[in-house]
Amino acid sequence: MRGPFTLSEIAAQLGGRVAGEADRKVVQVGSLAHATEEQVVFIAHRRYLGELAQTRAGAVVLSPEFETCTTLPRIVTDDPYLYFARLARLLNPVPICEPGVDAAARVHPSASVAASARIEIGATVGRNARIGERSWVGAGSYVGAGAQLGEDCRLYPNAVVYDGCVIGARTVLHAGAVVGADGFGYAKDGERWNAIPQIGRVVLGNDVDVGANTTIDRGTVDDTVIEDGVKLDDQIHVAHNVRIGANTAIAACTGIAGSTVIGRNCEIGGAAMIRGHIRIADGTRISPATAITHSLRAGTYTGIFPFDDHVSWRSNAAVVRQLAKLLDRVRALEKRLLEKESNRD
Amino acid sequence: MRGPFTLSEIAAQLGGRVAGEADRKVVQVGSLAHATEEQVVFIAHRRYLGELAQTRAGAVVLSPEFETCTTLPRIVTDDPYLYFARLARLLNPVPICEPGVDAAARVHPSASVAASARIEIGATVGRNARIGERSWVGAGSYVGAGAQLGEDCRLYPNAVVYDGCVIGARTVLHAGAVVGADGFGYAKDGERWNAIPQIGRVVLGNDVDVGANTTIDRGTVDDTVIEDGVKLDDQIHVAHNVRIGANTAIAACTGIAGSTVIGRNCEIGGAAMIRGHIRIADGTRISPATAITHSLRAGTYTGIFPFDDHVSWRSNAAVVRQLAKLLDRVRALEKRLLEKESNRD
Amino acid sequence: MRGPFTLSEIAAQLGGRVAGEADRKVVQVGSLAHATEEQVVFIAHRRYLGELAQTRAGAVVLSPEFETCTTLPRIVTDDPYLYFARLARLLNPVPICEPGVDAAARVHPSASVAASARIEIGATVGRNARIGERSWVGAGSYVGAGAQLGEDCRLYPNAVVYDGCVIGARTVLHAGAVVGADGFGYAKDGERWNAIPQIGRVVLGNDVDVGANTTIDRGTVDDTVIEDGVKLDDQIHVAHNVRIGANTAIAACTGIAGSTVIGRNCEIGGAAMIRGHIRIADGTRISPATAITHSLRAGTYTGIFPFDDHVSWRSNAAVVRQLAKLLDRVRALEKRLLEKESNRD
């Protein structure tokens, strides 16, 4: 945490217009409910005006429409949420990577590790691997033979990058993320499965975030590719030969099967399941808990089975298994009624 | 494994009434199907009476209603399942933590590690971290700067606790569990995503169990909180700013989105998906594979799409996409029929 | 990568009939889209004939029906996909395990480690554990007390095998896989949960593949068993006391609840959810994203809620909650219409 900063100093760095006491000092961001006088909060929706009236925060970031809703010192900006993101980063800069290789790390003599990089206890940097400037290889993490990390990357503890995978600049792997495990490819050989060697790589672009325990498998022959700016939450699975376009964001627990191509700027909800060998257009939105079974044009798609109290669910769900027959019965009724109506004429 | 114990010795420690040979010695618990004469089994449901008749176990724990169903030495108790849990623990005590810091662990000089604690190979205890009495930090696990572990905790190998997180007494993290990775919070900045620093913590209470590869993200500003006695199975995801009430149990593969509040004493089935910013009342039960999309009062809720053989599914599922039209057609039929009936009068 | 090999040399080792230039040398497998002249591709379906016409590959593996579709040097075989798997393995042999115990590994004096085995940095081999010939215990991985690994196994970095678990020959655990964590078993003790000690083991057969971050819990009393040749993708969860029959393959993100028995030669799609205490017959196929709630005879089963554009979904999903009533309305219509038809006669 840096600071304190006055609101004037903040506006000088981040823009926005100060209203009220411009010398108000803040040291940290806070929430409406729990902020103290030294903290700054934001409000981006009318539904929080009640909480704003109660907050003990020292200052608030808000849009012009709410400017008169409070007498707190404030910064007025058109996009308070984005402003808050920048302000939080100003007050909480990315930690400096203290360079050095821990005595209990294992760096192969042929590996190239930037002098400004940090390799922590128990970490491995394999044969011919490359670690860029200021990159941080956390405790127990693993960078395999021939793998490359760009500048300013961070591998949190116990993240694993298999041999030959390539990671761009400013990319983050949270703890337990696994990049480059073998794709799930087998040919049937009688009753047995014959594994197909997975010789492709995983290529991650710049500014990619990979959540904790997320897995991204290496390609069978060609690569699995995650483009710049993609954000992956925790426990996502990306199968072999998938491509994810730039700036697409995917929430936790989603699974993407092999060879599917997802466009740029998509937003995919948590626990979505996307089948293999399909194409999702740029800008597509997929709701949480939705199974996508064919290619999609841009749009918003949903497929959640509506829950209910258990007893109601049981009686409704029983009808699901008779829907085709139910449709036939309605058709038959329509026909019979039409016949009656015709006869009458 | 301790023992052997006679049934009398067991009843002296755990209660219950011995029937039959009170001096029968047992050394271990067993299953009805595979127990040997030195093992004790339990029966809690009529459907296992057939297996009871066949068992080679040396003794059985059962309720009064089944007391006469066997001539085996037996302990009679009102809750045989709970009794069995206690008996299994008596025969299989929690392993003693042998104190000591492995030479290949990395404990920061400013950290406070109880003399009775154990820190294994490759483990990290960060700056100003605190490890309580008899707590066991397994091989390759990580306790970040300023993080705290209470007494009698156990981190199995490669569990990760990020900086600043707080863990109560007798709490267990299984292998690969990650506590405190960044929550998934970004503000749109043109086409790019601007990460919001996640400065909240994760706070785990006492007697919490966290399953293997489960992830619990740190809060954005306020904390993510897991109260006392919560039991989380493997591969669960808990997003930032979630609160889970005391003694709630959640089965594997469930995902809980951000800022949702789950009450006390809830039971949530596996692979459930719970959306963000909702409230689940105390004592709620949620079935497996159910997507919960709004707040819940206490009750039992289900939302499983019923499976079928593939061909039947295909014909029924096609009708799902016409349900609104089908309802309209039924309404139209009702209207037409009503008109006919009225005309007739 | 070995080689180069001429097509004749390949056919001498793997069978098949060479057509065209038998001396064509190849060094690697490739994809139709990106192969170079030194690479060999395969084609197994008519839909790729267009790509075959465009490919720059040096040779192609194909079935007799496509033999005349190209003038490239080719190997003709009845099962090109299986042939390609074998050829890819020929060109990409499993890496040799260089024996040795890293100075920063921790092998208990009582453990038995084959001289040809490899134990990497930060790895643990516990008391009385056994590591078979040529088995490879990767960086940061863990083999608990009394656990056993057969010959030619590989544990990728940070894989964890808990105490007492048994693993057959040629079995692979990808990074972050956890074998033997406690099953999720508790008895209610008032409001609290009383943990039932999980004293069973996990027993993995020969030639089992376990994907990255997959979890297989130990049994409560008896063992959790995965038979020979089972292939598990990433992020699968297998609960306590499950048994999976030989050569069954399961795609990523699937969850299997406790005590369920899955037969041999099953194929289970990704993100399927299988409830506990049921039996799945040999040879059963389960579609992705399908929740299986009762025992199955052999067949193909599906239960995917069909997605739609969000607006259509909303109107159709609303009717799901009225299905039982809708059925009643249709029945009532049928009855009224029948009455009218009867009256008329």
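Going by the order they are written in, the chains are A, B and C; count residues from 1 in each one.
Please note the rule applied: a residue touches a chain if its C-beta (ideal position, glycine included) is under 8 Å from a C-beta of that chain, and two chains touch if they have at least 3 such contacts.
Because the structure is a prediction, the values reported are computed rather than measured.
Common neighbours of chain A and chain C, listed by label, are B. Counting every residue number used by either copy at the chain A-chain B contact, under half are found in both chains. Annotation: 25 Å between the Cα-based centres of chain A and chain B. Across the assembly, chain C contributes 104, 122, 140, 158, 176, 213, 235, 253, 304-306, 308, 317-318, 320, 322-323, 326, 330, 333, 337, 340 as residues in contact with two or more other chains.
On chain B, the positions that touch chain C within their shared complex are 28-31, 33-34, 79, 81-82, 84-86, 88-89, 91-92, 102, 104, 120-122, 138-140, 156-158, 174-176, 207, 209, 211-213, 229, 231, 233-235, 246-247, 249, 251-253, 264-265, 270-271, 288-289, 304-310, 313-314, 317-318, 320-324, 326-327, 330, 333-334, 337, 340-341.
Contact residues of chain A toward chain C in the complex are 104-106, 122, 124, 140, 142, 158, 160, 162, 176, 178, 181-182, 184, 186-189, 191-197, 199, 213, 215, 217, 221-222, 235, 237, 239, 253, 255, 257, 273, 275, 287, 290-293, 299-306, 308, 312, 315-320, 322-323, 326, 329-330, 333, 336-337, 340.
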